[in-house]
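After this come two complexes, each holding chain A, first together with chain B and then together with chain C.
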Partner chain A sequence: MEALMNIDRRWLFLVVFVIVFGILIHPIGLPIVIGPDAQKAYDYVQGLPAGSVVWLGIEFNQSSKGELLPMVLAVANQLFKNNDKIVVSGMWQYGTELVQPYIENIAQKYGKQYGVDWINLGWRPGNATFLHQATQDLNAACAGVDHTGQPLSSFPIMQSVKALTPDYFKLAIVFDAGTPGLPDAYIPIVYEPLHLPLLDGTIQMSVQENKNYLQAGQIVAMIPGSAGAAQYEKLVGVPGQALASQDPLSLGALFVTLLVILGNIGYFATRGKKA
Partner chain B sequence: MRKEVPMIITALSALAAVFGNFFWLGHHWGVMDLLDNWFNRSFAFAALIGVINLSIIHINAIRRRKENWVYSLILLIAMYGYAILGLIQTTDGPQASWIYNNVLTPLDSTVFALLAFYITSASYRAFRARTVEATVLLVTAIVVMLGVAPIGAVLFTDKISSLAQWLLNYANAGTYRAFSIAGSLGAMATALRITLGLERAHLGGAQ
Partner chain C sequence: MQGFDWGTFVGVLFTIAVWTYLYKENPIWRVAEHIYIGLATAWSIGYYFYSYVKPTIMDDILTKHNWLYIVPVILGLMMYLRYFPSVAWLARYPMSFWVGYGAGYGLAFSFAPMLTWIAQTFVKLNSFNNIVLWLAVVTGLMYFFFTVNRENAVVKYGALVGRYFIMVGLGAAFGNTVLYRYNLFIDRARYVLGFLHLIK
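== the complex of A and B ==
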């Protein structure tokens, strides 16, 4: 029984490796149950009038790509499918560049034109200062150029979008992995003074913190973590990386549970002997 | 004067922040925008001090041929090399982007991927039902983990998801709010003490 408590961790590493890679190569397709949070988020976006302008705040970088990029892509698919317009920007360096090629592909799929149906304003430093300025004058906040340095005045979409306020945007969707993000920037600067509806897509680790804002009504809905992203992909009908990652995630969780049970069986079986 | 001047600056900054945040006139005059800009500039100077400090430590390590001094050399080359590249072509430049996408990004992903292995090993070794509290924690963790993953619904119907949601929405959210409010009150008390000059630890030396 003592052996149950002292399995060499290299064996554990090997099993985790086999589970993750084996299932990624041969998915078993566990059923995905749509949770209330993802459903609410989907319904909210679906309920926007066609042609709405939506802000996508890319507040993450490579380290959270696994969880948040699938959400961005599913949401972009939904928005373009509904003929909504997208303005991409963010306060995390490299975040907007990370999503650029993916959104470009989705835009092409739906026949959307850059500068007319969507635009990438790029990474903007300054955190709260940038966001605050964006709520007053988007052109000035972005120094008058998009992510490639092209003048904003040359893009038709920017003729009808002057500031990050409810006058121009129907919704701001924030994909956030920390600071700057939803709690410290978007809620105090965008929601509280202006009441522009916010929707949050966040990593599993931040779900609990951000759920407080959902319960308080400061965000309209939330896409929670990798599981939420998978549910959203299923709702939009664009299976992607999040759905593919649910099988390894599930079996990993099951393996950890099994290990905890084994470890505790060993612990209780040997406890009396040691005493 | 070494203590008084920083204390006066601290108190004035705090009062300006209160004025900018809580008074209409402060908001109208854009005091917070000004402070935000100052904060960004101060942050840049703090980063500069960090770079200087790091350089001194690692240059000394190289000069004295301390153990693993080669790593210090690599650090300095990477830090100054990337900074110079960024200054020449901005961080969106082709070489700077290439380094970011092909060096930093894979390393970042690798480190995060390793967490899966370490978390598995750590949970196996640490999660023991030694006490009632530990047992509650252990059972809660497993319920939430299986409730969030799709396998939970497959094995235990959607009851486990509902239980996990209940734990997250009520037990966890309530506790989280209690901690947040307590933390915020503590931060306010500390801020007030610093503003009034009662707390001087940030100025260095004994109080």
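== the complex of A and C ==
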């Protein structure tokens, strides 16, 4: 038991490497069961009237790409398929640039035109201050330009979208990995005073906290973490990175669970001896 | 080597260099770390300038003549006066403005969400989930009754139950964190394997 407690952690890293790399190369195809959260989120988006304008808040960057990018892509597929319009923006540096080429590809797939069916307003600093201004005057909040510096007045979609309010948007989908994001910006500034429906796509680490907002009715639905993204990909019918990541993720989690159990056994077995 | 993806190749090399830290601290990891920090800082400054400073400050003031924008520019520049000891005190003005603005903003926008959360804990005890929620809220709060005598049986055992609820919450948070870290790793592993054409 002493040996178990003193095992070099590098052996554990090695096992994790073998599990993840091995299963990514040779997937075992564990079943993906659609959970109630992903289903509710999908149904809500599906229920929007065709032509609805939807805000995509890209509140993440490279570090959370593995979990949140697949969600963005699945949701963008669904929205374009339903002929909804998309306005992309975000308060995290690089987030909006990260998703730009991917959304561009999806838009092309559905024959959607930039500036008419969707637009990328780019990254905007200022956090809650930006969002607050966006609820009053979107053009001013974005300094009058899109992510490439083109004037917003030159894009038809911006003629009918003046502010981040329920008057212009049917839904705001926030893909958030922390601050600034859902709890500190969108809920206090967009939901509470304006009651614009919010849908949250979040990283696994924030699922527990953000469930509170779901329960309190401050968000209409949630896509929880990588598992939620995989379920969403399955619902929309666009299998991608999230579905491919579920096998190593599940077995990796199983391995950590095993370690926690062994660690506890080791702790209780050696506790008396150490004292 | 025409068609070879040098960008991804460098990315893969740096990913592996960072992974070597798992074995032990080493010069390869150090080089990767320093290059990353330098590049990220330089990139961030450039990105900030072209995404925000140029369109909002230079274009608006110089081209569109929105002269009021000069006020925040001056306030922003005053932050740097702290590097000049004789006038460093002036840097307190933009800082105090910013702190005051933040406090006012917090007061204006933080209460409504919190009141909603509190209101949502007043639930009808007509289902198992609602009973668990109510019990967790009440006993969890009891755990933080530091000014009440813990000899009182209700507080003593209530706080004990509350502690277990909190531990379950922390356990769930740990589990979620582990999964998040796994996702980070899987994303990079896919990047490396994709470059090697071992996965699609």
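What we mean here is this: the second predicted complex is superposed on the first by the 250 of 275 C-alpha atoms of A that agree within 3 Å, B and C clash if a C-alpha of one lies under 4 Å from a C-alpha of the other, contacts with A are read in each partner's own complex, and residues count from 1 in each chain.
In this section, a contact is a pair of C-beta atoms (placed from the backbone, for glycine too) under 8 Å apart; a residue touches a chain by one contact, two chains touch by 3 or more.
What you are looking at is a predicted structure, and each value in this text was computed from that prediction instead of being measured.
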- Message: Based on the shared chain A superposition, would you classify chain B and chain C as clashing or fitting together?
- Response: clash
- For A:R124, is the partner it touches chain B (first), chain C (second), both, or none of the two (neither)? second
- Task: Return first, second, both or neither, reflecting whether A:L254 touches chain B, chain C, both chains, or no partner chain.
- Result: first
- Which of chain B and chain C A:A269 touches, first, second, both or neither: neither
- Message: Per the contact definition in the header, classify A:M1: touching chain B only (first), chain C only (second), both, or neither.
- Response: neither
- Regarding the shared-chain residue A:S245, is it in contact with chain B (first), chain C (second), both, or neither? second
- Message: One more residue to check, A:G144. First (chain B), second (chain C), both or neither?
- Response: second
- Message: Output check: A:G35 vs chain B and chain C. Expected answer is one of first, second, both, neither. What do you get?
- Response: first
- Which parts of chain A are in contact with chain B and also with chain C? 13, 16, 20, 63, 65-66, 93-94, 125, 128-129, 147, 204, 207-208, 212, 215, 225, 249, 252-253, 256
- Note on the structure: In the complex, the residues of chain B that touch chain A are 32-33, 36-37, 39-40, 91-92, 97, 100, 104-105, 108-109, 112, 116-117, 119-121, 123-125, 127-130, 138, 142, 145-146, 148-155, 158, 161, 165, 168-169, 172-173, 176-177, 180
- Message: Residue numbers of chain A touching chain B in their complex, please.
- Response: 7, 9, 12-13, 16-17, 20, 30-33, 35-36, 62-63, 65-66, 93-94, 97, 125-129, 132-133, 147, 204, 207-209, 211-212, 215, 225, 227, 230, 246-247, 249-257, 259-260, 262-264, 267-268
- In the complex formed with chain C, which residues of chain A make contact? 10, 13, 16, 20-21, 24-25, 63-67, 93-94, 122-125, 128-129, 143-145, 147, 149, 183, 187-189, 191-193, 203-208, 212, 215-218, 225-226, 241, 244-245, 248-249, 252-253, 256
- Within the complex, which stretch of chain C touches chain A? 22-23, 44, 47-48, 50-52, 55-56, 59-60, 105, 109-110, 112-113, 116-117, 119-120, 169, 172-173, 175-180, 182-190, 193, 198-199
